[in-house]
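What follows is chain A paired twice: with chain B in the first complex and chain C in the second.
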Partner chain A sequence: MQWHDRNKKPREEDEMTVKIRFFARFRELLGTDIVTDVAPGTMFTSLIMTIAQKNPAGYAAIFDDKGTFHEFVILMKNGKRIEIADAAKTPVVDGDEIAVFPPVAGG
Partner chain B sequence: MIAIQTGDVDIGTLITAAKKKGTGAVVVFDGIVRDDEITEMELEAYEEVAVKELEKIGRDATAQFKLLHVDIIHRIGRLTVGENILIIVVSAGHREEAYAGSRYIIEEIKKGVPIWKKELTKDGGRWVPGDHAHGSGKPR
Partner chain C sequence: MFSERELERYKRQMMLFGEEGQERLKKAHIFIAGAGGLGSPISIYLAVAGVGTITIVDMDVVDQSNLNRQILHFDRDVGRKKTASAEEKLRELNPDITVNAIDVKIEDSNAVNLIGKADGIVDAMDNYPTRYLLNDVAIAKEIPLFHGGIRGFYGQATTIIPGITPCLKCIFPKAPPREVFPVVGVTPGIIGTIQANEVIKYLLGSGELLTNRLFIWDGMEAHAEELCVERNPACEACSGMTATKNPARKTK
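Take a look at the complex of A and B:
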């Protein structure tokens, strides 16, 4: 059994820690660099849904009434984009960095 | 030089460095904070990913347009009206390649590099919508 410093409590062998990064408007509503424990088998979409539900405005910015990502939302896992259609069946694993952000506007 | 940074750069120095052997043209693109009745502009990036994507854009432009040198410097943080946001310096043997390469780089940046701008006004702020406001998370 490992000790998980962040929570100061024993860490179960099957616990996993992932980091969620929101940017721009999503960051303002939900924060960023959120480190959280997830259970094995947790999917990308359900993880973000759980985090976003902490702020109704943040949730509404990312998800529609049916609990689907708005079409304009961009998703990344470990720096690689994933399609919205695949996110519900994309598992997150220990050490993953998940990013969710609105359309880019650089330049 | 490919970078995302808060500080400005000396464009003259970049131009000098871009004059590699065989250079016949240097094109500089300098994107500037426009006075759209704003007080300042706040820029934010997913830096680790954005730098890698800028590097790829630079490599692709070099291969496609036979560029001899590429600099892409995108600034983040809080900038005031008139300040440089994005500096692209390219050199090539001929003006056609230099212009085309520079144009390719800026358009690719606007398509997908994770950088955002917020215009700060007296009444608060507004996030600038991108030119490509249809994410749908499709892989590049």
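Take a look at the complex of A and C:
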């Protein structure tokens, strides 16, 4: 993992940064390699929701109208799979790298 | 044994893997599911490499809108069955191999028989339900599934060895919704070529396969990367399955 951005500024005592990587369609709509500060106790789902809300089409691509991940969305944290059912109660911590992507279906 | 023509045809690649490697390709039977965007480069490269038997299955007719990416089919083929077009081109590319082109929809009822005794399945489909079916047959027969998928400038590929690596359902448990996907021909060109490369390495028994890794291509950034993928112990397709065959065809 590379953290080019982390050392650029002096870090606050309890500052936490995580990196979010989107792939494929999600990347087109939301960009990628988003490094963001998070408050302690932030959960996986709420973090992605906050980021995705910057683009309504990006949000709709990832979440259904109840605010749940579409069932086909793949979630990973530090290279490990996170089940959609667990994401709302999975905290993110300093240095986490998060990947969110759809299966690519065309042939 | 090879004819003079074959020895000449394969000369430059036998510099890499010898007559023994070429023999392995010649004895192999590869099943390609789909003669579209991915199936075109896959079948072309496997044919010219000398994979002895290629079965390619598709149910569609060539449409004008296919031609930006499905390089097996030409303008004159619009309206023809893709299988007829594919068979003709592949035979012209390499008359020393056997091509079975089958015009049928791959379904639960016929998949096992269609795939028969093939040594591997190449996923060149455009939908997940059929991919899951191929995945099930690969697991049942203990043969590899060479997965690829594309959309726009993005693509993904992985090599599945049932019982050893995650299967397609471990990695993608739920299908995304169907759509008319945007695509530019270079993307299936890149991903299909990676799949064909995997098939060749598998048959030769050399190199590092794209196993336990999901290769992800971003053509807009010209950037490739990979994500580690793991078996899901609760996978509905492959949980509890352990390989009984030697997965690698290595004979060191």
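The rule is simple: the second predicted complex is superposed on the first by the 92 of 107 C-alpha atoms of A that agree within 3 Å, B and C clash if a C-alpha of one lies under 4 Å from a C-alpha of the other, contacts with A are read in each partner's own complex, and residues count from 1 in each chain.
Please note the rule applied: a residue touches a chain if its C-beta (ideal position, glycine included) is under 8 Å from a C-beta of that chain, and two chains touch if they have at least 3 such contacts.
Nothing here was measured: the structure is a model prediction, and the numbers come from that model.
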Clash or fit, chain B versus chain C on superposed chain A: clash
Partner chain in contact with A:I82 - chain B first, chain C second, else both or neither: first
Partner chain(s) touched by A:D33 [first = chain B, second = chain C, both, neither]: neither
Which of chain B and chain C A:A105 touches, first, second, both or neither: both
Contacts of A:D94 with chain B and chain C, given as first, second, both or neither: neither
First (chain B), second (chain C), both or neither touched by A:R25: both
Which superposed partner A:F69 touches (first chain B, second chain C, both, neither): first
Partner contacting more residues of chain A (chain B vs chain C): B
Overlapping contact positions on chain A, where the chain C interface meets the chain B interface: 23-25, 27, 71-72, 74, 76, 79-81, 99, 101-107
Touching residues (chain side chain A, partner chain C) in the complex: 23-25, 27-28, 70-72, 74, 76, 79-81, 99, 101-107
For the chain A and chain B complex, residues of the former touching the latter: 21, 23-25, 27, 69, 71-76, 79-84, 87, 99, 101-107
Chain C to chain A touching residues, read off their complex: 34, 36-39, 123-128, 148-152, 154-156, 171-172, 174-179, 181, 183, 188, 216, 218, 227-228, 230, 232
Touching residues on chain B, where the partner in the complex is chain A: 31, 43-46, 48-50, 52, 74, 85-86, 106, 109-118, 127-140
